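Encoded as structure tokens, the structure appears first; notes follow it.
Just so it is clear, A, B, C and D label the chains in written order, and each chain counts residues from 1 on its own.
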Amino acid sequence: MAQVLVRAERDAVKRRALLARTIFLLPGLSYITIFMLIPLGFIFFYTFLTRGTYGGVEYIFTLENYTRALDSLYIQILIESILIAASATLLALLIGFPAAYAITKLSSNWQNIFLLLIVLPFWTNFLIRTYAWIVLLNTQGFLNKGLINIGVIDQPLELLYKPGAVILGLLYAYLPLMILPIYSALVRIDPAMREAAINLGASPAQAFRQVTLPLALPGVLVGSIFVFVPSVGNFIVPELLGGGKTVMVGNLIRDQFLKARDWPFGSVLAICMVVMLLLLFFIQARVNKSVLGEKNG
Amino acid sequence: MGSKLGWLKLPLYGVLLFLYLPIAVLIFMSFNQSDAPFTWSGFSTRWYGELLASPEILIGFKNTLLVAIVATLLAVILGTLLAVGLARYQRSAALEAIALTPAIFPDLALAIGLLTLFTNLNYALGLDSVIISHALFCAAFVTAIVRGRLHQLDSSLEQAAADLGDTTVGTFFRITLPSIKPAVIAGALLSFTLSLDEFVIAFFTNGPSTPTLPIVIYSMVRFGVSPEINALATLVLLTSALIIIIAQRNLKVKDQI
Amino acid sequence: MSSFLSIQNLSKSYGHQVAIKNLSLEIAENEFFALLGPSGCGKTTLLRALAGLESVDSGQIKLANQDLLPLPANKRPVNLMFQSYALFSHLSVYENVAYGLRRERLPKDEIAQRTDQVLKTVALLAQKDRSPSQLSGGQKQRVALARAIVKRPKILLLDEPLSALDKKVRAEMQLELKRLQAEAGITFILVTHDQEEAMSIADRIALMDQGEVIQVATPVELYRAPKSKFVADFIGENNIFAGRVSGNSLLVADHLLPIPTTHLPKDANALLVVRPEQISLVTNGLLSGKLISSNFYGGSTLLFIDCGLGQLVKVASSLDQAPKVGAICNLSWNLNDALLLAN
Amino acid sequence: MRMVRKATVGSVAALLLIGLSACGGAGSGSSALDPNADLSQQKLTVSIWAAYYPEDIAAKFEEKFGTKVTITNHATNEEVMAKLTAGGDSGIDVAFVSGQFAQALAAQGLLENLDKSLIPNSSNLIKEAEQLSYDPGAKYSLPYAWGTTGICYRSDLMKGDEPTSWNDLLTPKAKYKGKVTMLATERWLMLPAQKALGYSANTQDEAEMAKVKDLLIKAKANLLAYDDTTFYERLVSGEAVMVESWDGWCNYGTAKNKNIKFVVPSEGSDLWADTMVVLKTSKNKEAAHAFLNYIYDADVHSWVVDNILYKVPNTAAMAKSLPALVGDFPNMGISPNELLQQEGLVDLGKASSLYTRIATEVTAK
């Protein structure tokens, strides 16, 4: 009799766990399956097909798209995109960290206000904001006109249509995505730890480097991913601020899908990018776990 | 205000100057008499008049707001449930990667994939297909933020509630939801922001007769940004600033992020 | 005794809220000194000022007649054990303890030797590679302590180190602190609001209130000869009868209580202070009244008797002698056990 | 985990099923149209570039025929092509695309052959514009506007160095370095180099294209930017002095600054045409034909000439509008014959990937 009771009780627990899993996991996962895995499936399916002579797709199986992806030109563009995105991410970190650190030093009311001020620009259209940089920086722009008027320079500076301008555009677009995670990591550090380090003989600089910085690392990693991932895939900034002279992976994929109307090859490039970004995500999660120590879950 | 900032004032104000310089240009240009982008020829509110007289921009704005709001609602529901499920009931790195992929999937490839799906289901494209697509990647961000918050919260809360005889759903509404409310709000804010600005997926999954604002702006950029759009951007900026100031009064944003 | 640490006319305020008011204090070397007082009395601010984590408005601090205030916090031969332990969550137990020695740029093997040695004294050598988040409260407390004393500071400051521990572990840790202080030969300054803790382990106690030192004395002196009502009331259980002097007794709510000889003038307001354990139950005594309630404290029982004095009289007695609630008791005490204070 | 695995397996099977149905039938044919269908019951969705049509064309057409017309904008040929070729019904009835793209759509069997009996106004079509290389006989497309590509430049800023050859653009004098732009869209990115080297704009010869690539890479050093949208704005502001430009577009600059002039380089150029096509998936083919016919009405088509400063292959419309404009905008006066000497662009078929790859290599260098 006892075992029956025990088994019944265990089944109830199992049923309850299954119920919980279905309630929480089913909606999200089925939505993702229908609207992402299936489209991803299509894209993956396309990678094995050949481009129709006039565009569209022909159902002739081939692996040629994959070999083409290994072409040194595309590898070079991938590397260049990674360099540009990485320098934008690094700049975002160099500017974003001190700003986030400064915000944590404010009174809680002012912290709110500054956080909102940082998010607010996001709500004007991205295209116009990027375009505003052209009005500011091109040879006939406000900056050059101003500098010429006050005689600092006589020839307008050529600031735009260089990789530097693309980095500036990406930095401008995604800087808030670096500041917010760092802020939330910094604000959670127990201030007593910094005082403990100083009390143990560390100079304020040493205390910052050995206590505050490592503990802010998870925030830095999340922030860097939030800046790097969209930067690599962005094609509007290279076009507007790069003057079409800087080609990034985003432009590459777009050109394949639209200009060459070569969906199979565009799909291969897209899949490669997803794999690369997922790898990056796992590395970040791994480093995060080792820094935070064995926190629960 | 934190007077003890010392040299930290430099990066803080530097960042704000950097973020708002183009915005200032935008606002400045919206009052420029002529539409030549590089020359100032007198103050005028002409473009605000022209804005009200150009239906496709206003319709586009209305469509964008509608998409952003509904997509955010859908994303918050799906994203929060999935986050709780992943944090409390089914821990698996593979599932978490799948939950995040929509956010890092190159938007053009996702757009083409979705377009192929909709056309094959011969599902008539319209605002609803845009909403479905936007909810997909917005939910991924909500899941990430709420999952992050759950990561720090003590999971024994839910076990305690269950132990006291509360049902799974009851526990969610009475215990879990209140404790993650700030993160859900932060997730909603981010989703709304992302959907508002999204162009690529919106272009490919949209019906021909319901353009969203980014689509309208992108197709008009051929002649440089026409000042009506600067006027609209200025209005959007001012209204959102107002909403935030009011919301910020009673809603503590600080501890959500 | 030559003063090892001398604090002269120290004051500190946050805006218009005064934390330390013109405070002076002398502490001897190797002393186990306690700063006792209700929360907000300025004891923690004083501690943090000694550690250099708080600036002071005025005053002077000399340690072994070397001026302390000009030294930056990380150069002072003073270590602080934080109430929240403040262990470095991203470093192992070993690295936490070794952190201070690394800042002194000591040779590698000396650091290893001293770190292992101090971990052995606090019996945590086995946990040396664990991360702080995996330790129990008691273990965390011992790591924080080890981290502070391994640097062999001249003074060790302890900010309510035992408040987060349960009773039994706290008693053990009190003994351990006492042992370590004697063994390490370091001057300990303990901040606590728990008077029993201070009484049981400190050599001398400074009782503080609203930023000022009310009385500095040994635990026994403080218990036996409180300088003011505040001290008498704060330290241990006490009966304090307020009344007016008349002859050699005190008129308290139309009862005349005998008082020791005093120079206080007639009708002066005075306080008669009598410890519950100094009052005994007799057949007929100075006072009588009905027993209202009795609280059992393990070793002794505290009786509350209403003698119509406007306040209940507290009498300590052993369990088996304690009368039933409602019984009439007669109370008496030895005159020179009581204390008369001006009010 | 088990539950998820079931879901993914299920979706792959479904995918294969759906995938197969995506390939539509090849070849184009025309189903018989009902000449007196009630147009008020039909509704039209027209996809066209922004600001490339009379603002009130939808209202006027609806007034005349009762058909509800929705105009939707696309920024480039490529974007609308992606929508039209994604399979299934894109919901678009009439699309405005450049000639070579119309050819690609027809080759994929997506276009309706035009029933000229429903488009009487097509009699206005200039004879020379009937045999264009991408659609000889105008079977599935009607040209909306046409023209050629050349160099648009600031004659006041280039006194004495007025450009006459593509080489003036590709290898400008030192003082014009960094003040030159070229068109970003692939076929027109290649055009200057192809013509400068004497090759065809539709060449598929890899050796020739390699030389084109090298020349373009050398030219890139002198470029301010690749730009096929705001390039004339740069001339007006003086940021650029010489830009590769379509003839109509250069007129926008001339309208703002008389010194902006247009020249067809000596080595010759292309003949481009923006065409109107009717989608086979459209359920309102009669209304679509009526719309094309309405555009070819002399008054409507001359609106295009007057307001967009483009040449249109409509004898009546040109006769009506040209005289007033040719004075200020000389390139409006380029005759159909002169246009026909330029080379029409056709779809490159398999070679498209070659062009894209070269374009990527040039821009990425």
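Quick note on the criterion: a residue touches a chain if its C-beta (ideal position, glycine included) is under 8 Å from a C-beta of that chain, and two chains touch if they have at least 3 such contacts.
The structure displayed is predicted, hence computed values, not measured ones.
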{"item": "Partner chains that subunit A and subunit D have in common", "value": "B"}
{"item": "Far-end chain from subunit D, centres as C-alpha averages", "value": "C"}
{"item": "Gap in Å, rounded to a whole number, between the CA centres of subunit B and subunit A", "value": "15"}
{"item": "Rounded Å distance between subunit C and subunit D, as computed from the means of their C-alpha atoms", "value": "89"}
{"item": "Averaged-CA centre spacing for the pair subunit C and subunit B, given as whole angstrom", "value": "56"}
{"item": "Interchain centroid distance [CA atoms averaged], subunit B/subunit D, Å", "value": "35"}
{"item": "Per-residue overlap in subunit A, given as positions that touch at least 2 other chains", "value": "21, 25, 29, 37-38, 42, 138, 140, 257, 295"}
{"item": "Residues within subunit D bordering two or more other chains", "value": "4, 19, 22, 79, 82, 237"}
{"item": "Arrangement of touching chains [line / ring / star / complete / other]", "value": "other"}
{"item": "Which pairs of chains touch, using the document's own definition", "value": "A-B, A-C, A-D, B-D"}
{"item": "Interface residues, subunit D side, partner subunit B - complex", "value": "1, 4, 18-19, 21-22, 45, 47, 49-51, 70, 72-75, 79, 82-83, 86-92, 229-230, 233, 236-237, 252"}
{"item": "Touch list for subunit B against partner subunit A, complex", "value": "1-2, 4-5, 8-12, 14-16, 18-23, 25-26, 29, 37-38, 77-79, 81-82, 84-91, 93, 95, 97-110, 112-114, 116-117, 132-133, 135-136, 139, 143, 148, 150-152, 154-155, 168-169, 172, 189, 193, 196-197, 199, 213-214, 217-218, 221, 224-225, 229-230, 233, 236-237, 240-241, 244-245, 248, 252-254, 257"}
{"item": "In the complex with subunit C, residue positions of subunit A that touch it", "value": "190, 192-193, 195-204, 206-207, 210-211, 214-215, 291-295"}
{"item": "Subunit D contact footprint on subunit B (complex, rising order)", "value": "36-39, 56, 90, 92, 94-95, 98, 112, 115-122, 124-125, 203-204, 207-209, 211, 215-216, 218-224"}
{"item": "Residues on subunit C engaged by subunit A in the complex (per definition of touch)", "value": "51-53, 73-75, 78-80, 82, 84, 86-90, 99-100, 103-104, 131-134, 147, 151"}
